[in-house]
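The structure under discussion is supplied below as structure tokens; questions concerning it will follow.
Letters A, B, C, D, E and F mark the chains in the order given here, with residues in each chain numbered from 1 onward.
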Amino acid sequence: MNYRSFFKAEWLSLLRRKQDTLNALLFFVMVIILFPLGVDPSSEFLAPAAGGIIWCATALSVLMAVEGMYKEDFNDGSLEQWLTSGLSITYLVFLKVLVQWLMVIVPLLIVLPLLAQMLFLPFSALWVVMTSILLGTPALFFIGSIGAALTVSLRRGAVLMLLLILPLYIPVIIFATGAVRAAQLDMNYSGQLAILAAISLVALALSPIMAAISIRASVN
Amino acid sequence: MNYRSFFKAEWLSLLRRKQDTLNALLFFVMVIILFPLGVDPSSEFLAPAAGGIIWCATALSVLMAVEGMYKEDFNDGSLEQWLTSGLSITYLVFLKVLVQWLMVIVPLLIVLPLLAQMLFLPFSALWVVMTSILLGTPALFFIGSIGAALTVSLRRGAVLMLLLILPLYIPVIIFATGAVRAAQLDMNYSGQLAILAAISLVALALSPIMAAISIRASVN
Amino acid sequence: MRVFLLQKSVNLQVTNLWIERGERDLCRDLSFSVRSGELVRIAGENGTGKSSLIKAILGWVRLEEGELEFNGEDVTLHRDVLLQNQLYLGHTPGIKSVFTALENLKLYCPEASEVALEQALAHVQLQAFADTPAAQLSAGQKRRIALARLWLTDKALWFLDEPFTALDVKGVEALELCMGAHLKNGGAIVITTHQPLLHLSPKTVELTL
Amino acid sequence: MRVFLLQKSVNLQVTNLWIERGERDLCRDLSFSVRSGELVRIAGENGTGKSSLIKAILGWVRLEEGELEFNGEDVTLHRDVLLQNQLYLGHTPGIKSVFTALENLKLYCPEASEVALEQALAHVQLQAFADTPAAQLSAGQKRRIALARLWLTDKALWFLDEPFTALDVKGVEALELCMGAHLKNGGAIVITTHQPLLHLSPKTVELTL
Amino acid sequence: MAFESWSDFWEMGKHGLYVWSTYGISMLLLVGLLVTTRLHRKQLRKQLKKRIQREQSR
Amino acid sequence: MNWTWFHKLGSPKWFYQWASNWGGRCVYLGLALMAIGIIWGLMFAPADYQQGNSFRIIYIHVPVAVLAQSCYLGMGIAGFVALVWQMKLAPVFIKAVAPVGAVMAFIALLSGAIWGKPTWGTWWVWDARLTSVLVLFLLYMGVIAIQNALDDPIFADKAVAVVSLVGVINLPIIKYSVEWWNTLHQPATFKLTEKPSMPMEMWLPLLFSALGLYLFAAGVAMWRMQNEVLLRERKANWVKKEVLNHGV
């Protein structure tokens, strides 16, 4: 095993199980459809709420996608093989998250314009939503990967740790929806986007290390 | 194996893995918290939308809980043992769903009053929300169990499951939120509740049979 | 629901079986019988279809053709009578990792008394681990939990798919003793294994690629 | 990142190992060595700690006490040198069920040429199943995919935890041949197995309860 | 005839784009359904023929 | 009553030959009728006094929307037949019709959406009928996805039958719920049901194109079923003969 073969395999396995990717996408679509149905289908309600709804749906589907990302590797013994491969687990985690991110976020961005229409999001705000998703979701993925690593072995402390990790999603969502709302009100939103990018960068730098530690601890 | 030992084991196994239960609950809380944060925290927005938000959160967390309900049984060979036990799979499915329902819905109902407060749901409507959850969620669980049974043998059938289930969840959500909204407008809501109960009864009667057929077909 | 009497006499007739998997015939026109007191070993290399044959008899793999008769009754379409009278242990024996050894055993043998359960665990050398969750047991110990069922069951026909996997020498010994006793009692066993049997002499059904 | 040279010479010294699991000592003051050309068999009944011992050497199970030395370097704290030079196959060998046999092998042996990969699969009798997803293979065939790696690797020290599980007689034969060749080449093997070895004579490390 | 001229017809009173894109895409999809069905048949025939010949040669 | 036709229908061989005769005729006749209806509608029917010419989308929109629902109903019945009587052709029918129905639902959505832009000023509203077509489309995708995801053909048949049947039971519930839900909020301007009844010269072409589309879809479905039958019965002698004799 080397980094390239690992990356290719991850890629292939996600392509094979297109479902996985589609899963997050469908979940996203589903949350977005549920809102008009469950709450209020009028454009007066939907248009101002659209950015928030889209971001909530994004966060939930990222969570869904990331939650079990190491489960199969744990069950079939792949994690043990990672550890004996002599490769850096931190980097393997990074690659895995990267693949996941691409596979989930790209399709999501493709269907977004259509769904945004269905929520009556003004066209001008669409670009801000897309940019915020591009900048913000890496943070969601990386933070989520720590949680996934923690829960993979079903250790007792895991739930607790999850409780600690989930709140980290909140700032991302607040800044992202803040940017969208600012855009809808014709205000400046570059500040929020910059913060989003900063959070993602920090998460990118720190999470693989944390996740690697958790993975190491979960194999025994 | 007989029905009693099966029921006890299911119960015990859910108690052991508190995580699963907690997971659904956490997801529920998270969705509900995301809304004020992501969309709009004002009571003018939240109060009328509260019923819908709560029901969307319920549907999503039920989905989350039900999705993998046979996965472990499939992997560790328990499904094969069900089939050779000579017991009726239909009834085993029924028992399993029953346990799941109790384990997810009871904690959810316990935290509900607090969360309803946070969404500014009027106290008078709280009871309707709770009743609608009691009457409507069995349908969600039973319908979900068909999807879970159809997709167990797939490596990651979650997506399919969503696709199969989502259309069937929509009526339940519509009637349930309809009841809540009627209650908030001081209108009569007993009709919707009756329909919810009827859907749940139909689902209860049919789904275990369908799920049993699917389980039988997926072991090979 | 019909209630079936547990019959200690076994007469399973398999006639002209044709099983196909993924475009490949695993067997064709295969016939054999399993009677009380008989140990039938299904032999063959990896991937020749031993497990599939057992699963086909139990009804999870489709028969392209063939008949099954159990104690004089045709069970090709409805396996109920057969299922009521058999015990199956496959490659993955349905052990839940969150349950302790005792709880796992109890799930499948709810009628057994506490004493009987503990004795069965003692037979497979697990008395000290009765209250350890299966997740914290070694590979062989996990298998042993499943095998402990054999000391408690009153089913007449056993299907054992590679029961010796992960077992140490003593474990194999104990299992063979148990199987011998069952055969003496009028039971019957269908087994697949790549390891030679030490004390029992089976009738062999050979599968080839 | 440091780059380590692959060394075909092996000298692993294990000194005074003390491993504890779930409040039980699995071994105490255990010392042994593994040198080029040596086959070391870790023996013991189910649950005595054979797998745990290997995992402790690889660094996943904590050592209460003890030292490890690999080719003269102390690796007790940092296993990198050891990990770079070994190949481990455990009870669950990391086979992905969505991948075909060939893809699974390629993942772990990315440097091997197509020809070499196909040859390795032929060694384990899987040439006909190269493009079948692992999910559709029999238990023994799945194990064989993992074992095929042994024909391709250039790692010097092998840790094989029950490699014969689910293998048929021919498969065991082929694997022993492969192991023999590796030992002749200056490699070393640490193995656990409950089945007797037919052609190779190991040095035994005995674990007891 | 509801139109005065061809250009009127193509324009559809400012709604040309809507009408023609609808019909265009719809027809494309319907024809696609037809074509894939026939292609599949052709492929299947080829495949089955090969199979049968392989069997007979054995 | 003579039940032989029922058993004949269950026989793949009989069906294959029957469909060889009728499949092509249905497709070609259907195409012809559709062409008549659509050309008539596009060129000769009078423009709508309110919507102008955008209304001409109706000649594809309505046939397709109605057919999308009929297809699912058929699949549901087939699902029931497959589960209860285990008739061999029932799963074949479902498998063949699902993509046809999905395409119809998709075109209905698409043509409706495009039509909505000039008439309502928006591509999409959360209206009862629109939503229930969307749900119908999702149901189709579910059936297709599950049959693609399962490699084991027997299991796939069972699964597809279960999904179709459950879906069809839910279809009226969905329709009812959505309609009921919608009437609470939706402004009446968007209601599809309260159209002025159509003059004959608008309605006749619609009839033609609808009939044509039905025939076309029936023919395509027969062809697809034939494909499936060929694949499934590939070991039967009659298939071998049929394959070898074809095109010699």
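Definition applied: contacts are C-beta pairs under 8 Å (C-beta built on N, C-alpha and C of every residue); 3 or more make two chains touch, one makes a residue touch a chain.
Nothing here was measured: the structure is a model prediction, and the numbers come from that model.
Considering every other chain in turn, the ones in contact with both subunit A and subunit E prove to be F. In this structure, the chain pairs A-F and B-F differ in their number of contacting C-beta pairs, and the larger number is found at B-F. Between the two copies, subunit C and subunit D, the Cα superposition rotates by 180°, quoted to the nearest 5.
Centroid to centroid, with C-alpha atoms defining each point, subunit D and subunit E lie 57 Å apart.
Between the CA-based centres of subunit B and subunit D the separation comes to 45 Å, rounded to the whole angstrom. With centres defined as mean CA coordinates, subunit D is found 31 Å away from subunit C.
In this assembly, the C-alpha centroid of subunit E lies 16 Å from the C-alpha centroid of subunit F.
Touching of two or more other chains is recorded for no residue of subunit E. Shared interface positions of subunit D, i.e. residues touching 2 or more other chains, are given as 91, 97-98, 136.
Touching of two or more other chains is recorded for residues 17, 75, 154-155, 157, 159-160, 163, 166, 170, 174, 216, 220 of subunit B. Of all the residues in subunit D, the ones that touch subunit A in their complex are 1, 4, 55, 58-61, 80, 83-84, 86-88, 90-99, 103, 106-108, 110-111. Partner subunit F is touched in their complex by these residues of subunit B: 143, 146, 150-151, 153-154, 157, 159-160, 163-164, 166-168, 170-171, 174-175, 178, 181, 199, 202, 206, 210, 213-214, 216-218, 220. Of all residues in subunit F, only 27, 38, 42-47, 52-54, 56-57, 60-61, 64, 99-100, 103, 106-107, 110-111, 114-115, 117-118, 216, 220, 223-224, 226-227, 230-231, 234, 239-240, 243-244, 246-247 touch subunit E in the complex they form. For subunit A in complex with subunit B, the touching residues are 17, 19-20, 22-23, 26-27, 30-31, 33-35, 37-40, 45, 48-49, 51-53, 55-56, 59-60, 63-64, 72, 75, 151, 154, 158-159, 162-163, 166, 169-170, 173-174, 177.
By the touch rule above, subunit C contacts subunit D in their complex via residues 21-22, 44-47, 49-52, 91, 125, 129, 132, 136-141, 144, 162, 165-172, 194-195.
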